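Contents: one structure, followed by commentary.
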Amino acid sequence: MSKRETLLEINNLRAFAEKTGEPRSQLVNSVNFRIDKGEIVALVGESGCGKSVTALSILGLNAASIEYESESEIRFHDENLLQLSDRKLRKLRGNDISMIFQDPMFSLNPLKKIGKQMTEALLQHKAADVRTARQDAEKMIERVGITDPKRQLDNYPYQLSGGMRQRVMIAMALLCKPELLIADEPTTALDVTIQAQILEIMKDLQQELDVSILLITHDLGVVAEMADRVVVMYSGQVVEEADVYALFEQPLHPYTNGLLTSVPTLEGESDERISAIRGTVPSPQELPKGCNFYDRCTRRTDRCKKEEPLLTNHGGRNVACWHPVVEGVKDDERTAIRN
Amino acid sequence: MTGKEMLRRFMRQRAAFISGIFVVLLIVVALFAPWLAPYPPDLPNYDRVMAGPSLAHWLGTDELGRDVLSRLMYGAQAGIQAALIAIIIPLVIGVPLGILSGYLGGVFDEVFMRIVDGILAIPAILLALGITAALGVNLWNAMIAIGIVFTPQFARLARSQTLQIRSEAYVYAAKVSGAGAFWTMGRHIIPNISPPIIVQSSFNMSFAILVEASLSFLGLGAQSPQISWGGMIQQAYSLMYMNPWLILAPGVAIMLTMLAGNIMGDGLRVALDPKLKKV
Amino acid sequence: MFLRFLTKRLLYVIPMLFITTFIVFSFILLIPGDPALAILGENASDENLAQLRAQLGLDQSLLVQYWNWLTSALVGDLGESFFTGESVQEAVFSRMGITFQLVTTAIVIAFVFGTTLAIVSMMKPGSWIDEFARLVSTMGTAIPNFLLAMLLLAVFSLSLGWLPATGFISLFDDPIGFVRSVLLPSIALGAVGMAQITRHMRSALIEVFETDYIRTAFSKGLSVRQTIFHHGIRNAILPVVTTVGILYGNLMGATVVVETIFSIPGIGQLAVDSIMQRDFAMLQGVVLVMVVIIIVINFATDIIYSLLDPRIKYE
Amino acid sequence: SNDERVGATSEVKEHEKVIVAYSTDLNTFDPVFGSAGSDHSLLYPLYDTLVSFDEDLLPQPGLAEEWEYLNDTTLELRLRDGVTFHDGSVMDGEAVAFNLERATSEESYISDLNAVESVEVVNDLTVRLHLQYPDSSIVLALADRAGMMVSQEAIEQNPDQIQRAGVGAGPYELVAWETGEKLTYRKFDDYWNEGEPKAEILEIQVMPNQMTRMNALQTGEIDFATSLPAGEITSLSDEEKFTIVEGSAVPVNMLYLNIASAPLDQKAVRLALQHGIDRAALNEAIHYGQGEGAYQPFPSSYWVYNDELNNLYDPDYARAVLEEADLVGTVVTIAHYPEAYDERVIDILRHQLAEIGIVVNGQAMEIQAGISAYFDEKSVPSFMSRWTGRPDPQMTMTMLYHSTSYYNTGSYSTEEIESLLAEAAGTIDNPERRAEIYDEINRIGLTEEAIFIPLTFQPDIVAMSTDVKGYEPNMLGKPKFQMLYKEP
Amino acid sequence: MNEPLLEISGLKKYYPKKDGLFQGKKSWIKAVDGMDLTIGKGETLGLVGESGCGKSTTGRMIVGLEDPTEGTVSFKGNDLSRVDKRELGKQMQMIFQDPFSSLNPRMKVSDVIAEPLRLHKDGSRAEQQRRVDELLERVGLRSEHGRRYPSEFSGGQRQRIGIARAIALSPSLIVCDEPVSALDVSIQAQVLNLLKDLQKELGVSYLFIAHGIQAVKYISDRIAVMYLGKVVEVASKDELFRNPKHPYTESLLSAVPRPDPKLRGRDRIILKGDLPSPENPPSGCRFHTRCPKVMDVCKQVEPSLQVTRDGTYAACHLVSEAEMKQPQEA
């Protein structure tokens, strides 16, 4: 695989929320990964593991109550987005990096016509006049497969179905031709048949516009269909990062492994029991000292309880585990990627 | 969510907690007014008319030389009792009717809600005024009137809450197991609509004190020898030129109580709302 | 479409008017005190009383009285005052005109200041203005309007002499006089409203700011100000529209006290007087007109709401 | 329309317009309907009366320049010449007869002329009243409603119209009546008394609340305010902007007693009330000494006042009477108005009477409810209210003491009192004798029978800005605003 | 399939569209529009279909929460419209989708689970308590959990509590309305295993509603596919996945993303357009607006559910042409 230019690099992202009278909760704890140009990176993990917090921190859109540790870094074109002034960040948003959200039901302002909402970013960044902006918008929503775009632009969101709205969201996000699109569970709220449509459109557009995508999901099927590379998160941490083929071929982290085996497949014999991961995710307020996955892991040892495994290079892939599913690399050969 | 948990969540909100303490203190003062008050509240002393604050009379004396602090304490008694009456009536009449209306639906609901809307269209104070005129002028009647005025509000709240709870999955679960109307209302609806109603009660209790004061100001509330803050303001207003300060004590008392009631209501809302806490 | 929506709403109003007026009618009969006796005073002989009662229609049953009232009310005749003989509709309309101007001014003040305060506090969270907005929204609901009225009166009229202490001048007669005469009472009336509106607008804005579409707006690179003005206000103002509708009713009631203090000959005073005097014909008219106004206001808020929110279709 | 006329008045110069704040509105401008004692001040500017009165409530010429009893039952009135009504019709004997007959008719609410049997028009300027029986109060009754002359033409044209817009022969014409708000009068150009009235426009604003009247005066929105609170007024008295006039008048605050109902059917309870209340202390506490304690229905400056009946307060006696009748602890329910002033009085009474063994149970009722409950339903035994007074003491005495009087709710009197009342009625030309008779009635009625309990005379306080002139207080307590004017 | 436990025939549910006073004609949301199904004893029938196609409505009608507009549900041969609703709880129970709203937040967990027992006065207080402890353990919780409130549990645990409540009276049928959709993958597997174990142990039948096809496949014996208020295909799961008869089933299966990147290049059928509104469904075959194999006849004639040679049922003109065999199952 040819080495591509890195577009975005997240180094040691640590975010926490503190409310008076409540224990500090560590929402994201050591997240490291990068996104290359023209690449689709999937960020997977269970609900609450910090996917959205991570994604929102890229654009500085997290709630004001969420703070970052000082060593956290999100590099984009040689700038640390976490340190960027609000004005500069605003120039970036919607222009270089845009984002679509999980629920198309609520991502559009219900009181504004589609057209108005779509052209907003264009008018903000591209100094376009209203007419050309509208023409651009028409072209774009036609591209995402909406017929009769002229009329649709004059509709209100409630007049559109969920699938249509998500198309509109995608069109809107790509209107300024950004370098990076962050899609936070773009299809979770949709039916499978609609999901297939949307994913197809995303893939087509990604190729056409050569945009990088950070695709957040918890559906491994979607990951397998879409991603070039996969980042697996568990309880605020990246536990594994690998090329999509390699990951599905042989997951290294017991958690990734568990995830893959706990989904019943459509092929194969159907009567076999699925092997579930036991237990539940620890709450962000009371993370264990060692490995966060300790309680649920089948491969755990005492060491896991005491020492936190860091993300380390493991035969060309990164994994944060003392006892990866495939052993063979001695401890001292591991090189810490970051701490 | 347990009661203890709610209490803890309530106490964690500082303003609400302080308000809560204020209300508790007020209740204590009201309950023990006969022991706490330095003077009988209606004992005139023509030698010390409208005196300013002094060691003997912390808040001074009124136009008949009565001790303002003592009157304030007894006024708290009336205020608390009265606010309770104004809440109990809608709780006893409005809430059950609202629950029934919401639960049964259909024609009963239609008719009942039309009547409720009809009453709600009449401005509250005006309605209270009319009812007080009908019942006769005194504090209790004013409070009964306020209670009646609050009744449709509570009925409406109870109804809308019932409608909401009625379609929660756990109610369906109970129905699947064969629960009837009584069971459902008793075990599921009433416990779950209580928090908003408690919150509303907290707001309305302070509102009751305000309405009582308004009625008293118009001469339709407390009458001597009943002592209420509203009545004290009415008296003080008629002496505004001679001694404007007489309005201050009852005025501040009303304001603080309403403030406490409102803040407490907000605090209760946060403390009792299960939605604000997941897992 | 719109017409049908209107007629539907109007048809909904009719039973409500029946119910309300009937409730008022029944209440009135519960009020002790005989207007005939009050009018005749020491001249009350049995014959005189009987004659006057017949003349006032008080000798008939509740339903008959209600029916008579209703049939004349339907053709626009609300009868005559028991005491002064003046036409009820004339009296009520002229008083209502005054109160309406007063209450509307109060609402406008409350709305303009309340929403502005909320918006500014949202733009600068944690700033002094934010703290001030919070203070206003809690304190404002706790200060009784009559107390505020007395305070304003004492300071701005009696001590400083800046504004008149009594009376009302219509906007249409003398706009400057109107402002001077209406300022203190409408502030006294509107303070609670302002607090409520600030509070509701603030929490609505906060709520709106947690929605995905606001995040979407931010993700497009809009500034806080742009987001508030292009996306926040319109969404947040929806619940406030309802609040304003309710406020109209509340303030209409509150005039009962404030008008007394400022000696404004509005509907509130008329209401109190007619209750005290047992002028049932007048009282019935007063309540009817108040209720109609309140219903019309609610109706108007519905329409404003539906204009602001395209989701509400007139179906 | 009204509006246009109101508009026209605004062109009048500032100093030609007098604005008065008054406590109540009236119900009708037709003098024969309506019963409130507070109406007179609003009627006087419009209607001149046949007889007038001076500040001591002694009769003075009015529209009748002089009068004379031809015998005990015939009163002849000689009318002023050249008087016209506002509508231009002539005020003559016919008009007087028409008005007096109207006042004595069935429908009229006026009972002061019950003694009148017929009215005879002798000529244009002479009218005779033929009485069924002698009545010493007739002359001053003609200074009251009964003497207010209304244009016959106006009544005949539209009798209902008079109710809302009176047409009289007084110094002012009515311009507009905005019910409950204000009344606007304009100077009547053809008024018989040249040079009167002096102000072009008289505006009377209705302000029921005494604090509002004070406020409006303070800020200069009005020129003249009536019935101001004692005590409060002292805070205005320092200022040079205001003239304050304090007078005494006949209206008396009192406890009406329904002697037919328990426990007031017990004479001991009534006597205890009568002797157990310290009027001086009461007056001191509520009027700050500015009024007068009342042990009889007449203030000390009135011509029928009895010097000897000046202090009945004797708590020992009161207690003794109660103890003797074994009635210590009796509860007396007193209805009163729900106003700060009344409540204060009740509070003081409660304390004073507790000393002698009577428990006061105050029961607040709004005006109409109180009147109904006490006078009609008779559901409360006692009522604290005000006797608004009448021009002639005979009227007051009859109404308070006679068993057939509406105000004597228990219909209780003694033969002696009633025969004394009849004698006073017949004492037409001997005021001293009348005063003696009243002394006797009051002595029996108050100290022995305690038919009612007089409490205090409220000070009659008015205040005006210093440029207002012409005010003359009168003992009736019903000011004539037509005499007010401003110095340019 | 062994003897039928539940039989549904011609079931319809129309909801009136909330509307004004004088609307000329009332319009209806045809949530369920003519359903026929059977569930055998100890069997799991999966019910799949897109959101809004009427799955939950069907489930609610079965357990008696909703009265059918038309058609019958018969349970063990008895028409349910004639059976006392109260008694039904002993026979049928339901598990709900949302683990948060399906437990009363103000009731202790033990009270939640004991509720069906108390409603049917099943045993003494002490016996009920013992049964609750037993049930808690059975679903993988500890008996002291009973003293806590639902808010103290995670989604998966709550769903277990819901299951314990559902099996408290040992019913013979449980309608599971998307019991795992709201759960994380790792937890889904736990719950599915639990349901499967319980079935083995108790012999209970499930109607398993879901739109996640993987889970349905795992748990079901047979699967019914719904489209816009109607069943379009019923087949044993192996048959369904091996050889889907109805074009809708086919496209549905093909749309499911597979967790294997090596399958990326496979042929997929991507449907066009959205699900039509149940208010006025398309004429003829309801699927014809989106069907990749649409023929002229589909637009006019509504195909009926027919049994095919291999014992599965499908409602499609293509199938009728191929099979020409009449349905036997009602």
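We call the chains A, B, C, D and E, going by the order they appear; numbering starts again at 1 in every chain.
Everything that follows uses one rule, which is that a residue touches a chain if its C-beta (ideal position, glycine included) is under 8 Å from a C-beta of that chain, and two chains touch if they have at least 3 such contacts.
Since the structure is predicted, the reported quantities are computational estimates derived from the model, not experimental observations.
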> So which chains count as neighbours of both chain C and chain D?
Replying inline: B
>> What's the farthest chain from chain E if centres are computed as the mean of the Cα atoms?
In response: D
>> For the interfaces A-C and B-C, which has the higher count of C-beta pairs in contact?
In response: B-C
> Counting in whole Å, what is the centre-to-centre distance of chain B and chain E, each centre being its mean C-alpha position?
Replying inline: 49
> When the C-alpha atoms of chain A and chain D are each averaged to a single point, how far apart are the two points in Å?
Replying inline: 90
> Taking each chain's centre as the mean of its CA atoms, how far is chain D from chain E in angstrom?
Replying inline: 88
> With chain centres defined as C-alpha means, what is the inter-centre distance between chain A and chain E in Å?
Replying inline: 32
>> Where in chain E do residues touch at least two different other chains?
In response: 154
> Which chain B residues touch at least two other chains?
Replying inline: 133, 136, 237, 240, 279
> Mind pulling the chain C residues that touch 2 or more other chains?
Replying inline: 31-32, 260, 275-276
>> Going by the contact rule set out above, which residues of chain B touch chain D in the complex?
In response: 42-44, 46, 49, 63-64, 133, 136-138, 219-220, 223-225, 231, 234-235, 237-242
> Which of the residues in chain D end up touching chain B in this complex?
Replying inline: 210-211, 214, 229, 231-236, 281, 284-285, 337-341, 343-344, 346-348, 350-351, 362-366, 369
>> For the complex, give me every residue of chain E touching chain A.
In response: 50-51, 154, 156-157, 184-190, 192-193, 196, 211, 213-215, 217-218, 237-238, 241, 251-264, 268, 270-272, 274-275
> Which residues of chain C touch chain D in their complex?
Replying inline: 31-35, 37-44, 81, 83-86, 91, 94-95, 153, 157-158, 161, 164-167, 260-263, 265, 269-270, 273, 275-278
> Given the complex with chain E, which residues does chain B contribute to the contact?
Replying inline: 1-2, 168-170, 172-180, 183, 187-188, 191-192, 274, 277-279
